[in-house]
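Below: a set of structures, written as structure tokens.
Look for subunit A in each of the two complexes below; its partner is subunit B in the first and subunit C in the second.
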Partner chain A sequence: MQITATDVAYTYMKDTPFEKKALHNFNIRLKNHTYTAIIGQTGSGKSTFVQLLNGLLKPTEGEVTIGDWKIYKDTKEKELYFIRKRVGMVFQFPEHQLFDETVLKDVMYGPINFGKSKKEAEEISKEMLTLVGIEPDLYERSPFELSGGQMRRVAIAGVLAIEPSVLILDEPTAGLDPQGHEGIMNILFQWYKGSDERSIILVTHQMEDASRYAEHIIVMDKGELAMEGTPEEVFAQQKELEALGLGIPETVKLLKLLKEKSGDKKINTVKFTLGDTVEEILSFLGKD
Partner chain B sequence: MLDHVIIGQYVPGKSFVHRMDPRAKLICLMLFVVFLFISRHPFVLIGGLILTTTAFYYAKIPLRFYIKGMRFIVIIILFTFILHLFLTREGPAIFSTPIFTIYLGGVTQGGFMATRLLVLFIMASLLTLTTTPVALTDGLETLMKPLKKLGVPTHELAFMMSIALRFIPTLLDETAKIIKAQRARGANFTQGSLWNRLKAVIPIFIPLFVQSFKRAEDLATAMEARGYEGGEGRTKFRLLTWLKKDTYAVIVFALYALIVLIVKIGGGN
Partner chain C sequence: MEIIQMNNVYFRYRPSDKLVLKNINLTIQSGEWVSIVGHNGSGKSTLAKFMNALFTPIEGQVLVSGLSTSNVNNHTLIRRKVAMVFQNPDNQIVGPTVEDDVAFGLENCGVPYEEMVQRVQESINKMGLNGLELSEPHRLSGGQKQRVALAGAISMNPKILVLDEATSMLDPTGREEVIRYVQKLNRDENMTVITITHDLKEAVLSDRMVVMKDGAIIGNGLPSALLTNKDLLKQARLRQPFIYELVEALTCRGVPISVGQISEEELVKTLCKLQQQM
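Then we have the complex of A and B:
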């Protein structure tokens, strides 16, 4: 689904001494079936923005459109319900949302809320649990008996089971070890590739993730749009990113250093995967 | 929706009331609460109103913000007023239907009680709005010191209170987060039958309890790791300082108490 934000602003705790402007004058347009990454420092308004996309927050000014739906200041809660069916949201530490007696029942909570029959919900839940790599012998266990990584996977399955078209991920791998991180990022990418109706919006602090998975990158700063473009375009601007307190992926950093020290102008520094980086270095060394 | 809970919330500021010693504030509040309810004489209430307005003025807490946090209290106050209105049978009848009669006494009694509660609530919340939880418990602990001789674990009590106060905002934050996560999964807390709405709360409370237990355990471990072993011989990082203005404030409230006592003994009601 296409997503647009027009002149969007959001203020927390409006009309109190704690009033805080989190977002202002924000305009964005995302095409159908795109993997978008949003990067920015803590407090730049990333989390606020993504919560506007499924109506958990309503913009205090401007409007957001998701497909045919509009979210603005006075949108009714009933309409937001339909939007949430299309826009799934995985929060930071999603395992904090687990509550039911068994893993399977917990995953079924979402689809049943959105009007699926028990049988349908069970089917789709099992499918999603398989996708995230949870074995059938865990289905009847309590979610609180699982390991941290497994809990995270179950919680993600619980959001995927709603069958959203847009999946919002707010740092889905925070606090996981590198292997767990890699595993979950791959599962989510696989889900994204599963149908050309699906989009992902990933909020992240890790430039490596943004560069490897996303097709489009949004850089935010102090509640405003600072930069936008493909990973190649964005990560070519190291100085601007550093001025915003952000870095560039390690692979780009390495190639940049190599280019500087060797003086070889032919080196292409914008490579995001380890394979591509190794190849670039090999071709510099004159080996194929 | 949890944005406007003001109980236990501190609003930073540099006003006269903010800078008072927490002990002075506690003593004033205690005097006020006790003596406001001791007599029913109108003078007592008027005095209370004057004291409240003065304290309110010196605290410099924006009124707008205040009103929002009072919505729930207003319901209680209205409820009290209505109860008194229908249940008091004093004075001449001013309005009567076959089912009920309203007496003048009911209106004045109701109004009296409502104003009393309002004044009480404003005073009490002024204390938490202008005092950091840490200062508040420090103040309580020192005021409770005499009880220690009787074997009351004053340090532990004060410490429990400061932990409880400390975690109110955290719990509110966390509740808001879990509500959001479950709403994103289609939970609906505002529609359906009462039973369904009650059931909708389970997915919020269970994660909240699980998190709280985990946090309590972590906190205990962290405290032990840093060698915490109760109040014995523990010194304070923040020292409370009693200034002249604190004495004056206490004198004002003590005068109020004295006047109330005189009215009570003299007037008899």
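Then we have the complex of A and C:
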């Protein structure tokens, strides 16, 4: 589904002494089936923006569209039902949302709530549990007996079971160890590749993830759009990113340093994997 | 001087559970910065909770400044010496405003009003929270909240600061800022710092790294030494920092670099030299 934001503004606690503008004059257009990463400093408005996309917040000005649906100031709760069916959301620490007696029941809660029969819900839930790597012998266990990594996978399966077209991920791997992190990121990427109706919007502080998985990057600063483009375009602008208090992937950082120190203008600094970085260094050394 | 001593520590939550800590022997010197690393579930956070007597061993002994945590009478004294900051700031913020929250511990300890006001302001300044004194903590972003928690911990003038993944929810700038400040506390005020983390980039900065797996210590030494030990890291399910991976990959491809070069600057310098020779 195509996602747009037109002249969107959001103010917390409007018309009170605590009024705080979190987003203003925000315009964005995301094509169907895109993996978008949103980066920006803490407090730049990233989380506010993604909460507008399934109506958890409604814009105080302007409008957001998700496919054919519109969200604006006066959108009724009833209409949001359909949007929430299409837009799934995984927050930081999604395992805090687990509640049911068993793993399977917990995952089935969403689809049943959105009108699926018990049988359908069970089917799709099992499919999603398999996708996230939860074995059948855990289905009847209490979700609270699982390890942190497993709990997170179950919680993510619960969101995927709603069969959303747009998946919003707000730092989905916060607190996981490197292996757990990579596991979850790969699962989510696999889900994205599973159908060309699916889109992902990832809010992240990790530039490596933004460069590795996303096709499109949105950079936010103080509630506004600061930059936008492919990972190659965005991460080529190191100075601008630094001015916004953001880093660049480690690979790019090292190659930039090498380019500066050696004065070799031929070095292409926009490489995002270890392998590509090694090749670039070898070609710099004249060894390729 | 040893400030924390753990001797043959064993622990399980309930008698029927399996052991979560097995034969832990660890000595931390006053003024040291020790990072404890390991994957989720390796026991590193459990271990941290022995340092201020939140948990006590079922076997063995933990001494903090020579005081045994197994003696309940020592707990108040121990907890004044050891400040802890946890991963999720929402679980540790209690005050209605930032300054109230930072003052909470001081107030509990009966610090006189004038001194309290001064110490609160000092801690707030140090954590870069100026201007937010009257904000409601739950309206702040995650990173800001964590700095509030840190300010509260620091206001108590602890001898030991234990950070249990306290930076894992901050953005890169916020993370660097907090680490820089922790570094300063460690260097200038000789505060003993213990950071629990699985970010090895953070562990590189510490004096000593302790690697945990399945409730046991499987590595203990200089970060630069442990980070080149691939087997150990693999066992511990940790990932080498990028710069180590890169040096190794380049060595494999016949680029003559010694493994000792670890900073980006040093690597780039070596590469420039190599290029001129070719």
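Please note the rule applied: the second predicted complex is superposed on the first by the 287 of 288 C-alpha atoms of A that agree within 3 Å, B and C clash if a C-alpha of one lies under 4 Å from a C-alpha of the other, contacts with A are read in each partner's own complex, and residues count from 1 in each chain.
Everything that follows uses one rule, which is that a contact is a pair of C-beta atoms (placed from the backbone, for glycine too) under 8 Å apart; a residue touches a chain by one contact, two chains touch by 3 or more.
Just so we're clear, the structure is a prediction, and the values are computed from it rather than from any experiment.
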*asked:* Clash or fit: subunit B against subunit C, after overlaying the two structures on subunit A?
replied: clash
*asked:* If we overlay the two complexes on their shared chain A, which of subunit B and subunit C does A:Pro59 touch? Say first, second, both or neither.
replied: neither
*Contacts of A:Gly183 with subunit B and subunit C, given as first, second, both or neither*: neither
_Per the contact definition in the header, classify A:Glu77: touching subunit B only (first), subunit C only (second), both, or neither._
first
*Between subunit B (first) and subunit C (second), which does A:Leu254 come into contact with in this model arrangement: first, second, both, or neither?*
second
*asked:* Looking at A:Pro231 after the superposition, I want to know if it touches subunit B, subunit C, both of them or none. Which is it: first, second, both, neither?
replied: neither
_For A:Phe114, using the defined touch cut-off, is the partner it touches subunit B, subunit C, both, or neither? Pick first, second, both or neither._
first
*Figure out whether A:Leu285 sits in contact with subunit B (first) or subunit C (second), or with both, or with neither.*
second
*asked:* Just to be sure I read the superposition right, which of the two partners does A:Pro172 touch: subunit B = first, subunit C = second, or both, or neither?
replied: neither
*State whether subunit B or subunit C is in contact with more residues of subunit A in the superposed arrangement.*
C
*Just name the clashing stretch of subunit C against subunit B, choosing from 55-63, 109-117 or 163-171.*
109-117
*Just which bits of subunit A does subunit B share with subunit C as contact spots?*
12
_Show me the residue ranges of subunit B that touch subunit A in the complex, using the header's touch definition._
3-4, 11, 62, 64-65, 68, 174, 177-178, 180-188, 190, 202-203, 206-207, 210-211
*Quick one: which bits of subunit C touch subunit A in the complex? Just the residue numbers, please.*
38-41, 87-88, 136, 139, 141-144, 165, 168-174, 198, 237-239, 242-243, 245-246, 249-250, 253-255, 264-265, 267-269, 271-272, 274-275, 278
*Which residues, counting only subunit A, touch subunit B once they are in their complex?*
12-13, 15-17, 51, 54, 56, 77, 81, 84-85, 88-89, 91, 94, 96-100, 109-110, 113-114, 144, 158-159, 162
*Once bound in the complex, which stretches of subunit A touch subunit C?*
12, 18, 20, 41-43, 47, 92-93, 147-149, 171, 174-180, 205, 207, 245-247, 250-251, 253-254, 257-258, 261-262, 264, 274-275, 277-278, 281-282, 284-287
